[in-house]
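What follows is a pair of complexes built around chain A, which joins chain B in one and chain C in the other.
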Partner chain A sequence: MKITEEKKDDIVICKVQGEVNLDTSPDLRKKFDSFISSNTKKIIINFSDVPYIDSSGLATLIELLQRLRKIDGKFRICNMSEKVRSIFEITKLCKLFEIFDTQSAALENF
Partner chain B sequence: METEYKLKPDLGDILRFIRNFLKRLEPLGIDEEKLFDIRLTLEEALINAVKHGSREDKTKFIFLKIKASAKILEIEIEDEGQGFDYENLPSPAQDANLEKLSGRGVFLIRNLMDKVDFFNRGRKMRMVKYLK
Partner chain C sequence: MKKEMVSLVGVSKSFDGRKIINNVSFDIVQGETFVIMGCSGSGKSTLLRLMTGILKPDEGRVFIKGKDITTVGPEELDEVRKSFGMLFQYSALLDSLTVNENVALPLKEHTKLDENIVRIIVKMKLSLMGLREFQNHYPAQISGGMRKRVGLARAIALDPDIVFYDEPTSGLDPVVGGVINRLIMDLSKKLFITSVVVTHDMSSVFRIADRAAMIHKGSVVEIGTPQQIKTSDNPYLRQFINGSPNGPIDFFREDLGIFEELSL
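Now for the complex of A and B:
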């Protein structure tokens, strides 16, 4: 998994490349540790290059949501493939996360 | 194709096994969306068997039977654990459970496969995916 980040004002856009699963979730968690310790409160996760997610990846995102909430932070997810999005729909996690079709839509009014 | 495997409850080995197994399915020409479902369900089921069934006890084994044709994939997974109450699992999709960090594996399997049955108090699971 490769994670690159870009800053736009007070928002960090985090582009994830690769699968989000049992193997790679620790990398994602580590990246978010650094965001949280630097008090970053607005994060957009771009999933355009994420072809696969499993229940462990979903749990990592829930954990992040809970941790960000504690510092009054929030995050949005954008550019999911249809298949990955279907996993969020089946599990009803689309109700929990803010999911946007595009990065520019996710940036709007954040 | 009909194959039986006896696997050690080691997560790294299991994930490598699944990657290799999926390559063996390539000649069947399964579409990408179905392959995603097969991979996810196999991983969820086998990870559950390692973590909750065998509890990573290296003296135990996980038994896997796979029957695949162009039309249908049948997978049977059995572990040597205590089993579980598969009829009364809380739904992770209920509002009150949405933020729970676990409990989505069997739910995903039931939603992504066409038929799922449990036997032997949950120690054995049989799942079917129609390919055509």
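Now for the complex of A and C:
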């Protein structure tokens, strides 16, 4: 899995490439740790190149939401494939997260 | 074409010179719910142990996701085992651990995930099974049906591609059995988990199976869709479905040894 980041004003756009699974989700968590440590409060996670996410990946996103809420921060997810989106729908997590079709839509009014 | 998740090729197994499994072959494909049915002592549980690598066949091969588990070493077998979960007949929960701790076990055993991530995953799995409010209970404090659901939450803790079920509805009333069957179907249809179910419960066969195989004396006597099973004129199958004591499945042989034992 590869994670790249880009900054737009006070927003960090985090692009994830590859499966988010038991082996790779700890790396994503480390990246989120660094965002929290640097007091980043607005994060967009671009999932355009994520073919699959497992429960450990979903749990990592839930934890990020918990941590951001404590510091009045928030994050949005965009560009999910249909398969990944269906995982969020089955687990009802689409109700918890802010999900957008495109990165530009996620950036609007953030 | 769907990927083969479990394949048996000419599998045989004997105990004390008695053949328990005799030249069994079949393939189970991705997302399929495959039911193995048969009477007590037919060899279906032995088949399950062979498919999960608990037993090694004397002849033949067992493939899990294309990997021949009859030739791999213990470390590789452990790795293969991460791709499947197992619901045991009596749930096999550890009585000294809470529901939460039981479900967390495979995550702690097989991964290096942070404790908080494990905690969240466990909550997600218990929520999927409708058991979140029982997370701090001990197995002895919940019903048999709930224990099965905890066992199922534990079986899917690592997001396996395949789940093996050993008599998932045995000992449960019809309604709770129906709940377990619905969960099996949900996991299969919504999460695309391949399900291999060993049972003698005919209502489960017709409710959940995409295909079913009937085992008798260690051999497959019929294999087909529920509709094919329902309409088959195979005498073993007919006797099993009808629950009849009369037919080719012999439970008792005429025991004339008693005369000899009584010196008659």
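Rule of thumb we're sticking to: the second predicted complex is superposed on the first by the 110 of 110 C-alpha atoms of A that agree within 3 Å, B and C clash if a C-alpha of one lies under 4 Å from a C-alpha of the other, contacts with A are read in each partner's own complex, and residues count from 1 in each chain.
Keep in mind that, in the parts below, a residue touches a chain if its C-beta (ideal position, glycine included) is under 8 Å from a C-beta of that chain, and two chains touch if they have at least 3 such contacts.
It should be emphasised that the depicted structure is a prediction, and the values quoted were computed from it without experimental measurement.
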{"item": "Clash or fit, chain B versus chain C on superposed chain A", "value": "clash"}
{"item": "Chain B versus chain C as contact partner of A:K95, first or second or both or neither", "value": "first"}
{"item": "First, second, both or neither for A:P26, with chain B first and chain C second", "value": "second"}
{"item": "Partner chain in contact with A:E63 - chain B first, chain C second, else both or neither", "value": "both"}
{"item": "Of chain B and chain C, the chain that contacts the larger number of chain A residues", "value": "B"}
{"item": "Which of chain B and chain C A:S55 touches, first, second, both or neither", "value": "both"}
{"item": "Overlap of the chain B and chain C footprints on chain A, listed as residue numbers", "value": "21-22, 54-56, 58-59, 62-63, 90-91"}
{"item": "Residue numbers on chain A that touch chain C, as the complex places them", "value": "21-22, 25-26, 29, 54-56, 58-60, 62-63, 90-91"}
{"item": "Contacting residues of chain C [partner chain A, same complex]", "value": "110-114, 116-118, 120-121, 124-125, 128, 157-159, 190-191"}
{"item": "Residue numbers on chain A that touch chain B, as the complex places them", "value": "21-23, 52, 54-56, 58-59, 62-63, 65-66, 83, 87, 90-93, 95-96"}
{"item": "Parts of chain B lying in touch with chain A, wherever the complex brings them together", "value": "11, 15, 32-33, 36, 39-40, 43-44, 47, 92-95, 98-102, 104-105, 107-108, 111-112"}
